[in-house]
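Worksheet: the structure to be examined is printed underneath.
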Amino acid sequence: MTRDETVALVADILSGIAPEADLSALPGDADLREALDLDSMDIVNFVAALHERTGRPIPEADTPKLLTLDGVVAYFEADAR
Amino acid sequence: MTAKVHLDRAHGVHLLREMLRIRRFEEKCAELYQAQKIRGFLHLYDGQEAVAVGVMQALGPQDAVVGTYREHGQAIARGIPMGPLMAEMFGKVEGCCRGRGGSMHIFDRQRRFIGGNAIVGAGLPLALGLALANRMQGRKAMIACFFGEGAADEGEFHESMNLASLWRLPVLFVCENNLYSMGTPVGIAEAETAIWQKAAAYRMGGEAVDGMDPVAVEVAARRAVERIREDGVPWLLECRTYRFRAHSMFDAQLYRTKEEVESWRKRDPINRLREWLEKAGHLHPADLERIEADVVAEIAEAVAFAEAGSPEPVEELERFVTMDEVPQ
Amino acid sequence: MPSLGADMEAGTLVEWKVAPGDRVRRGDIVAVVETQKGAIEIEIFEAGVVRELAVAPGSRVPVGALLALVGTEGAMQTPAPAAVAPIGPQPAVSLPSASPPPAPQPLAGARPLRTTPAARRRAGALGIALDGLRGTGVDGAICLADLPAGAPPRRGGFDPLGMRKAIAAAMGRSKREIPHYYLSQTVDLAPALERIERLNAGRSPPERLLPAAIMLRAAALAVAETPELNGFWGEDGFRPGDGVHVGWAVALRGGGLVAPAIRHADRMPLDALMTAMRDLVARARGGGLRGSELTDATITVTSLGDRGAESVLPIIHPPQVAILGFGRIVERPWVVGGTVVPRRVATLTLAGDHRASDGHRGGLLLARIDALLQRPETL
Amino acid sequence: MSGVPARITYREACRQAIRAAILADPRVFLMGEDVGRYGGCYAVTKGLLEELGEERIRDTPLSESAFVGAGIGAAMAGMRPIVEVMTCNFSLLALDQIVNNAATIPHMSGGQFAVPLVLRMATGAGRQLAAQHSHSLEGWFAHIPGLRILAPATVEDARHMLAPALADPNPVLIFEHIMLYNMEGELDPAVQGVDIAKARIRRPGRDVTLITYGGSLFKTLAAADALAVEGIQAEVIDLRVLRPLDTATIIESITRTRRVVIVDEGWRSGSLSAEVAMRIVEEAFFELDAPIRRVCSREVPIPYAAHLEQAALPQAEAIAAAARGLVRPAR
């Protein structure tokens, strides 16, 4: 996926989890948990939604890679290659 | 008799060699089938060699051949090399059809060999179209269309004879009457067992010939081809022949007696021609040994070629389901 | 107007989910009521036919006041469906209808929850609880039109001020009335976490377990063995709960807290418990909780999660008599077989109502939870 | 040719297409039963024999297998035949040639031969021709790999699909619905060609997608008109190409409307409509906000009596009712 596609996907998913979140104001390397006040359940739901929307298997060990916007973008860029 | 066959030594030995190539090839196929190198349905041509070899002598490279599913002999006699033929039966990509067709579906565009058709009678309409295209494009070529007597039971036989005659299409219909459609004797399948006589109903020329005699077949085929080329009309040539082996590999032959097979084996076209050539002083034991050795070597090379072949990559499975362009 | 909490005095009727003439069955959702804790769906506990709706949407109604009248079943007839006008010229002769007359409407509460694929996906993405939504699609399915568009539902919306007031009232009452005692114990979580990690390794993301699930499971099993801490304090003293209904504390975005009950949590296997937690969190934040869920809890468990403090000294939610807290999981030096090793541990705390139990019982409860967590394969 | 849109019949569009193709390419010829002297069973080829001669307009005997097979052979040998089978019901007499030869030879020969053949046939019911002349068998042929199946529903497609079909190196079957031959439509002279790959949205809408092709297109458009009066905006997709299916256009539409009715004059069981429905389920399940509905012919041999025949066929009322049931389900 392109960065724009990934960011759009993340925004769409997060709009369900943290509706007030404004990703455009969020630095790419910001910890989503801190920035958006996400708890463990939110993160589990976020990863589950990423999995369901992209079809990509996401091992649990990869969860730490998905805690920043940049991390998610890189994760799915790698997927495309 | 207008067509002349000069059966000199060279031509006689050529006919013998061609028939031996087919016979030994088929023997090797039977062996390889039992070794599970060849699978699927395998219909061998043993006994009918005189038909293919005789007819092919009358054709030129511009002509085309439509075969049956018992077409190894037709293919070899038409000049398709044994290597790609054997590789096809091995299901290898080096096969003449990339291993897509197998024994029953030999195609060779370069040699104008248009299948290998496993639907009895289905090749006849194709032959009409091939001939029509030749005529409409001004090509002086004709089509030899092989079929068994069983195809004469089919509606497509009637449709095709009628249309070919009606439209005066240059097709030589070669009926290889080997007396059995699988296990059904011609006598209980055809009201008129003299297939060639059906030609008259379509105002088409035809005759029957001893299909166990390559010279007789060649003479008759040349005669027919001459008529077709001159008059542009189809011709029905019935070659009365016999297959020595079973219909296909898995066939207990309950429908015929060993005695009947033996009596036909006495008319083996290869033995007959060999004896004639020997009596005429055209063939010496050393000649025969050399021919046999050549044929064995050719087949060994073909088997090695097939063995060394590779399977077509599965990624290409859907290639040619539809064509991107018309091959020229 | 049902009482949905000890601190609830009144509610505002937001929406009727039934109309006069509708048949209702026990468990059906009949109305949505706005409370200081947000919009709550009101279940009915009787079967029958709705006779009359006594209150119009928008009215504020005190607890105990009449909302609607429900009569015994069978008194009303299903109205005939309106005929649909055909298109184009009518046939000259009247033909018998090709389709059979419509079957009687199944009872609302008996109908399984149907959701279209598109609605299910959007609800999942938005964290909207489908349970309790009214389906207007084909065959009564919940379709996209039944979901709030775009943003997640704040149906009625949590009123932050109202919720703040409610928390203030409840906690103030707790601190005034309940003599709390506090206990704490640090628990080695390595075995439990390793089990979770093993289980999760083979699972797709939506099926994965959180550490909180196994902690909750251990807590529920231990509470089942400690009835003195599971129940309510009332005018007549302690009344044990009719099961281990664990109130699971859910922090709401933008502040506030609810602790809806997971009924019979001690009987739920790990996966079912995780599913229930996930569902509760989604519905608590989406405003889809049922009234009974807010009143049923017999004990509360709060888990601070991976960004919380190391331990919590919690305040009991009246009229319950105990609350358990799990602090953040941290890596600390730990002595195993005489050797100091790094170990993932968490501090487990208990606040008990001294009127109902003593610290000794509380200590046993914590010890039991610890013991269960050391043998996670049994959980 | 004038620059203003001409109103012509579908029949005339077919005729113009054949005539233009034969004039444009010496390899093209037409053969079939009664295409010459009689002028075509449905009068499509009227006058062509006189203009183009017996070599290019060939009357055949009643030998479907022979002349379809001859078309295949001629195509393999460099010609570009247009073979007309009077109705698709008779194509069953040539099924062997179509399925066992035309569709297999390119693949079976390892790509040595192509079969650039066009097979035209009439399909469908509505003229009280009874069961042996009224069936819609295009869905059967759409099952066969190697074939391209076209269903021109408009005058423009009838006029312009033939040329790309002849240019296709593969066997192309064109199904012309008998109820369309008399239909008049505008032929825009600015349009000089059409594709034979994509479905077309014939009417845009947001509430429900109606998918159809061929003779059912105008019934479906009529249903969409009726729905519009009720405030339901139906999108109508004309498949045009039944194989290979343009799934992308279908999915794109359903992603917007989320509801779909498939209208197919073929029978329901094991049908093209079933295939379309399954593609939707496979590729757009999560877009659906309602069950997929189908309006197909009743599962009977099409009867002679007019009222029974009409009762057996998809009608605008049923199409509209199916769509309405999805958009505004009765509660």
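Letters are used for the chains, namely A, B, C and D, taken in the order the chains are written, and counting of residues starts over at 1 for each.
The definition used in the following text is that contacts are C-beta pairs under 8 Å (C-beta built on N, C-alpha and C of every residue); 3 or more make two chains touch, one makes a residue touch a chain.
Because the structure is predicted, anything quoted here is derived from the model rather than measured.
Considering the contact criterion stated above, the chains in touch with chain A and with chain D alike are C. Counted as hops between touching chains, the shortest connection from chain B to chain C is 2. Here the largest set of C-beta contact pairs joins the chains B-D. Centrality by C-alpha centroid: the chain sitting nearest the overall protein C-alpha mean is D. Averaging C-alpha coordinates per chain places the centre of chain A 68 Å away from that of chain B. Averaged Cα coordinates give chain A a centre that lies 27 Å from the centre of chain C. Chain D has its Cα centroid 56 Å from the Cα centroid of chain C. Chain centres here are Cα averages; for chain B and chain D they lie 41 Å apart. Among the residues of chain B, none is in touch with two or more other chains.
Those residues of chain A in touch with two or more other chains do not exist in this structure.
If touching chains are joined by edges, the resulting network of the protein chains shown is an open path. Chain pairs that touch one another: A-C, B-D, C-D.
Of all residues in chain C, only 124-128, 150-152, 197, 200-201, 203-206, 208, 210-212, 251, 253-254, 277-278, 281-282, 305-307 touch chain A in the complex they form. Remark: chain A residues 12-13, 15-20, 33-34, 37, 39-41, 44-45, 47-53, 57-60 touch chain C in the complex. Remark: chain B residues 64, 95-101, 105, 107-109, 114-117, 119, 122, 124-134, 136-137, 155-156, 159-160, 162-163, 166, 319-327 touch chain D in the complex.
Of all residues in chain D, those touching chain C in their complex are 222-223, 226, 258, 285-291, 316-317, 320-321, 324-326, 329-331.
Taken in their complex, chain D has these residues touching chain B: 27, 29, 55, 60-61, 63-79, 81, 96-97, 100-101, 105-114, 116, 145-146, 148, 169-170.
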